[in-house]
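Look at the two complexes coming up: subunit A is in both, with subunit B in one and subunit C in the other.
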Partner chain A sequence: MLIFELPPFAPFLIIAFIVLFTRGRVSSALMLMAPIWGAFNLWQINPQTVWQITLFELQLNPFRIDKLSLIFGYIFHLAAFFSIIYALHVRDRVQQISCLIYTAAALGAVFVGDLLSLFICWEFMALSSVFLIWSRRSQKSFFSGLRYIVYQFISGLLLLIGTLLYWHKNGSIEFSHIEFQGLGATLIFIAFGIKCAFPMLHTWLTDAYPEATPSGTVFLSALTTKVAVYALARSFAGSELLIYIGAIMTCFPIFYAVIENDLRRVLAYSLINQVGFMVVGIGIGTELALNGAVSHAFNDVLFKGLLFMSMGAVMHMTGRINGSDLGALYKTMPKTTVLCLIGAASISAFPLFNGFVSKSMVMTSVLNQEYYGIWLALLFASAGVFHHAGIKIPYFAFFGKDSGLRAEDPPLNMLIAMLIPAALCLAIGIYPNILYQFLPYSHDYSPYDQSHVLAQTQLLFFAALAFVWLNIKGIYPAELHSTNLDFDWFYRRLLPSLWSTLINKIFFVDRFVRQVVLNRLRLILLIIKRFHRPNGIFSNAQTISNMTLSIVIILACYLALSFI
Partner chain B sequence: MSSQLPILQVIIPLISAPLCLIISRPKLVWLFTLIASTISFIISIILIHQVMQSGTIIYSLGDWEAPIGIEYRIDYLNAYLLLIVTGISSIILLSAHTSITAELSHNKYVLFYVLFLLCLSGMLGIIATGDAFNVFVFLEIASLSSYSLIALGKDRRALTAALRYLLVGTLGATFILIGIGLMYMMTGTLNMHDLSERLPNLSESRTLIIAFSFFTVGVCLKLALFPLHWWLPNAYAYAPSVVSAFLAATATKVAIYILLRFIFTVFGIEFSFSILPLQKILLALGLVGILTASTIAIYQNNVKQLFAYSSISQIAYIILALGMNNSTGLVAALLHLFNHALMKGALFLALSAVMYRVGSTQLTDFSGLGKSMPWTMAAIVIGGLSLIGIPLTVGFISKWYMLIASLENNLWPVTVLILLGSILTGIYVWRIVETAYFTTNKTGLNHIKEAPFSLLLPTWLLILANLYFGINPRFTITITKLTAQSLGAMP
Partner chain C sequence: MKLRIKYIFTELKNMSCFVYLFSTICMILFALDFMLYRHGNHPLESIPGFYAFYGFIGCVLLVIIAKWLRAVLMRPENYYHKTESKIKVPYNNSEAENVDL
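Now for the complex of A and B:
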């Protein structure tokens, strides 16, 4: 049907342009067509295709395709497909178009071959995705979106500066492995790090994702961080620093996730946690580890999408998302409950679910490279994931205390959308080779050996036990209405309060100084007036003797000065 | 005939004065006075031409040679001052008839013209003569007639003001006489030219220093330098408007002429500025005068008094420029002599128009005049702008030269203070503008009409001169530079 090849992002952009002029069911149908057309196009493309543009003396390479980019391309199409189905009922033109452009930009980023083109896609991702947050159309989401876009722009700016410096130093802007030395590379690394939600640079994610629209969050969770993971895998594979960063990323969100009430924010924290596993894999840098990272990214899109969709469905049907407001929804939302449980099992890496087959690759590679401390941290993180994502999410939403809510299962399109990743989760979990054949490096690996399965099952069992015990003892942190701030406390609380304190001080000093100066001025003016007003000393009609006196004084002065 | 011009200049108004008494019909007397003054004006123009062409004119009175007889010397400075005085007096006389009919009682009209002509001839005599004692004589003529002119004022306070001026002025004249007497004692001559030759040999003499001090203080009293200014405000405020205009525009200028003549010609620059601390005194008194008088002006409620204080501050500007002791400063002082005469003449004439229609010059009576007397108020606004020193007016030219002079001497604090003085000037001018244009008349005096043409014409002649010489100052700058050169201040 389509003979000519298009770059992968083109179908989405074309559809987005057409959607601009359509409405209702037509635009829904068109949107559904976009990932199908895109996937077909991608499947058709000759893997050796390379497009080049020469801009001044720069060799731009807006389209390059290899196995690493291809797997990300597939999962993005897949994610776009079920996310669009999930959002079929949405009639918001802004969301429709921005999600298409967002996907197109993410696809573009994955298939570019130079850093400048990457920067352009980077900025387009930021610009289009923020509308998915603002589409919630609440004041909270507006400010969250603002903070989000500021972070994204800082990232883009660092990428641009880094690219220029890197170009200046190396004479090339090829988007491939980057030697981690020099300011340029560091800036690029930080730019990727911001998008990848490195610890302390992650706050935009947990801040903004839960504030987006239910369907918008699904897009966001699938694309931005995965593009960053791709970029890291492309440029900084094997950087040891990434191992430690990744390990921290897997661990620290657990604590926040446990005390967080907003279930979508819990998922956002677990997203960072999962990305942490990928970052560790990239940091290890062996073929197995990279395969693990990439496949985990693939699986994460599936199960995280599924979880976000199930929570979105709950939110869509009940209008609430806080754990403290929900509970016992399984009675009226059985299908959603089952789908959510599949997602929870996948993220917790139960054997036979897809999380297991990719996470175990990362864990094995860590052990192979003898990072035992990291391995323990990852084990802890795995238990933590099971706690907050595997148990907490379904427990507080669908089981737990009865909230009295009696919401129905969501509309059919949402159920279908959730069914697709759920099915894939199981399918990949059971036949890992479905996934493995797409991996960038051919590596013979089988996840289902005795030690893996046993270790993971034990881990999960004891983690579940701990949750039950903590809950029965009442030690488990209660679900409370609150806004939990982590690192963003620094700029959302500390900086504003410092700022306002400073401003108050300045105002105070300013007012004081002005008061003093004004008082002095008033006094001076009063004195001036006293002497100069009509009948004042200077302007009074002096008596003749006084006048004579002044003449004599002046004469005396003259003479005195003359004779000195 | 043309060789007799220097004396004709003085003699014509002097003789016209008693003739006025014979004519005795006010309107005719006015015309006669106007003609006499205009003739003097024409003579002064011819004189300045002659000076420009053939240099200094020396005229011996009655053909008696200098040491014995009295000599008239007309150089650039004299010619320039003669031009100012006769020009201003002629223009002011244009308005005199209308103005005095409103402000003087009927039986004093003729007397007014007699005194006016006497005063004029006194001033012209001071300027024209080359004899030191003759200066004193003419000064007395001018002073006595101006005391009487002030006393003509309708307000009864005019009498006390005139009396105070009389007493203090006499004191000043006495000081001048003491100075001249001491000089005569030392040198044995009264001729300025001879004095200027003999005095430098005596520069060590204490007597000479005392002579100089007495003389300068006396003159400073006459020109109302700041701490000696007390007589001036009331005298100007309560005198008839025409008299205020005439005296404000000319009398102080003549006093400054005497100062210039004696500092530069008779005593010499070296003696005045090097041996004596004249520079410090003039600078200090000038600055204090500018700021204090301007500040007092801000608080005045009577506009005539306000402009009287403004005159004191403007004179202080001239003194300050003199105190710079450089050629640019002297040029600035000479420029401001002319320019201030134009401004103050115009402003006081505009006030005479207000006095004619409103009957008062209290600031509160100015409310709403912007509408009812648009031409008069426009004249005050332009005159005020000139006073401040806005570009395109004469005020700007002389202020500009003063600023340059102060910068040439590296006296930048003085520069700042000059500008501050301009701001203060802006404030008191603004008070008038604000009252005239932005407040409405509460008393409901809606019947006030624009001033008659005979008052507007001279006012606007001077205002246009303000603008003309502000835009095209070539004449004034040329003549003042030549004057400065002839005084020896210019290389």
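Now for the complex of A and C:
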């Protein structure tokens, strides 16, 4: 029993430091200990604890705990636990250390009480997580990682500048509700928005997550965006702008997901779609909506982690992840298939699965606040998410045409890691109170009423019917090897080509100017040469008498001038 | 026997059975709309079969629009890779492309 309380990130950092000096099974065992120790420590901490440090005249608040941060703390520990089990077979020191530091930084971020400490955690998250992408050690992942880290640093810088401006204006850097006015607040909002994958700022996510290692993606999907959701819920709850941003986030990625071939990229798009539901909930800002957003974040960590793990298992066993290369894997990977189907049913919010009990809170609160247009958009997105994440992922990986691949189920540690969130998805779906008791605001909401269950089941079954019908008619787009243009085209294609055009123009002008100047110089040299060549005017040998004559002429001129 | 159970989804006969079963379930769900009482906050919700039609039409539109989008957005797989592959990276383990290390 530990007598003293540690801040929640400390166990992970301490273990990360020890893992540096161990190897093999010892470091695996130590890594498994980190979330267990951390969870035990978090459970012991007095909920009213607040730590304060005064740095010069700044009141820093590196540790503050309340119900909102506590639920994120719990889910991060849980996510770290199953992700570490999933990665137990990985013997890569870089990944082991960076995933521990990454989790520590995310935990730090949800338990800080001031914006400056948040900024420090924010940067640590960016720095440590990029190694999970680079650990793939391929050309593609290297460049994706670079773009990822640039985005994260821009977000961090905006947060820092915003914090300074906010401090200047309000005289406080407390990390609590921020009035959405003034440049400082706007910059902080955009900084959170980048991490939250707002539309047009989202491409780092769909670019980098599918390029990370199979186990790295599980960590990435659980932490970064959820920290951003937490930050928005803490600071900008009730901002109407978020409702519209969130609605766009739910709708546009599903189109991309339908035509995307890389199944982990499909999941990355559907991650944006799910975060959109949370952002709408935060924008509505009522207690029911915030509870919905937070519980959906909790559930998303479970089912998205499960789906990323099942696709990671497919990739680990077959070496392929494109829908066009996979198919009919259920024959040899039955366990993975069942686990993936549970994740797919959960993300689609089938009754009795956990997505249903949290998404319905957001939907109900949108209806209660009479945002009918938004409600229709979310309903469309709900049907769409079932279409691409619920059907497309399992169908193209495990069913569909036979690819001839005969991969076995993945190693035991991966199966156990997938079993944990799968069991929780079902448990929370069946007994929602497991989750509801931890929610930050009090409410009495029951997702299971007859009309709601019937409505959701009809929506999903007819969405599935549409898939079946389109497939039989042959309208459903085939999986093709391709790259789909997204907003990243602007900085991966347009900007570089503009830049090279500009550089070419500069070179051209530069060469032209040099040419002209050189030509002039050559002309002058030619003239000089003409006078100095043999028998030229200046190269004749001069006799002394000529010299004397010239001097006499000069002196005579001088004399003549003196008379004037 | 084991083999037949294992490959249940591949046989064409099973598949058409599955499609019929599925369509029947959908029809039953649709019919339930007329039998069960449903309260709603929005006038649209009280239209029988609203959710069913919305789900079906929404998804068909989704796929058709996505197909159109493909005409605009689709590029070859190595579209970005062409320029990037000229630059040297610190380490490039192409064999480890798809596996954990």
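The definition used in the following text is that the second predicted complex is superposed on the first by the 537 of 564 C-alpha atoms of A that agree within 3 Å, B and C clash if a C-alpha of one lies under 4 Å from a C-alpha of the other, contacts with A are read in each partner's own complex, and residues count from 1 in each chain.
Definition applied: contacts are C-beta pairs under 8 Å (C-beta built on N, C-alpha and C of every residue); 3 or more make two chains touch, one makes a residue touch a chain.
Note that the structure is predicted; figures quoted are calculated from it, not measured.
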{"item": "Subunit B versus subunit C as contact partner of A:F508, first or second or both or neither", "value": "neither"}
{"item": "Subunit B versus subunit C as contact partner of A:Y441, first or second or both or neither", "value": "neither"}
{"item": "Touched partner set for A:C557, first subunit B, second subunit C, both or neither", "value": "first"}
{"item": "Which of subunit B and subunit C A:F467 touches, first, second, both or neither", "value": "second"}
{"item": "First (subunit B), second (subunit C), both or neither touched by A:I259", "value": "second"}
{"item": "Partner chain in contact with A:P496 - subunit B first, subunit C second, else both or neither", "value": "second"}
{"item": "Touching partner for A:H532 - first (subunit B), second (subunit C), both, neither", "value": "first"}
{"item": "Chain touching more of subunit A, residue-wise (subunit B, subunit C)", "value": "C"}
{"item": "First (subunit B), second (subunit C), both or neither touched by A:N546", "value": "first"}
{"item": "Interfacial residue positions of subunit B with respect to subunit A in the complex", "value": "161, 164, 167-168, 171-172, 175, 206, 209-210, 212-214, 216-217, 220-221, 227-228, 230-231, 233-234, 276-277, 280-281, 292, 295-296, 298-301, 305, 309"}
{"item": "Residue ranges of subunit A in contact with subunit C within the complex", "value": "87, 89-92, 95, 135-140, 142-143, 213-215, 254-256, 258-259, 315-316, 319-321, 328, 330-331, 367-368, 372, 375, 379-380, 383-384, 387, 399, 402, 450-451, 454-470, 472, 475-477, 480-486, 492-493, 496"}
{"item": "Partner subunit B, residues of subunit A touching it in the complex", "value": "528-529, 532-534, 536, 538-539, 541-542, 544, 546-548, 550-551, 553-555, 557-559, 561-564"}
{"item": "For the subunit C and subunit A complex, residues of the former touching the latter", "value": "6-7, 9-10, 19, 22-23, 25-26, 29-30, 32-33, 36-42, 45, 49, 51-60, 62-67, 69-70, 72-81, 83-85, 89-94, 96-101"}
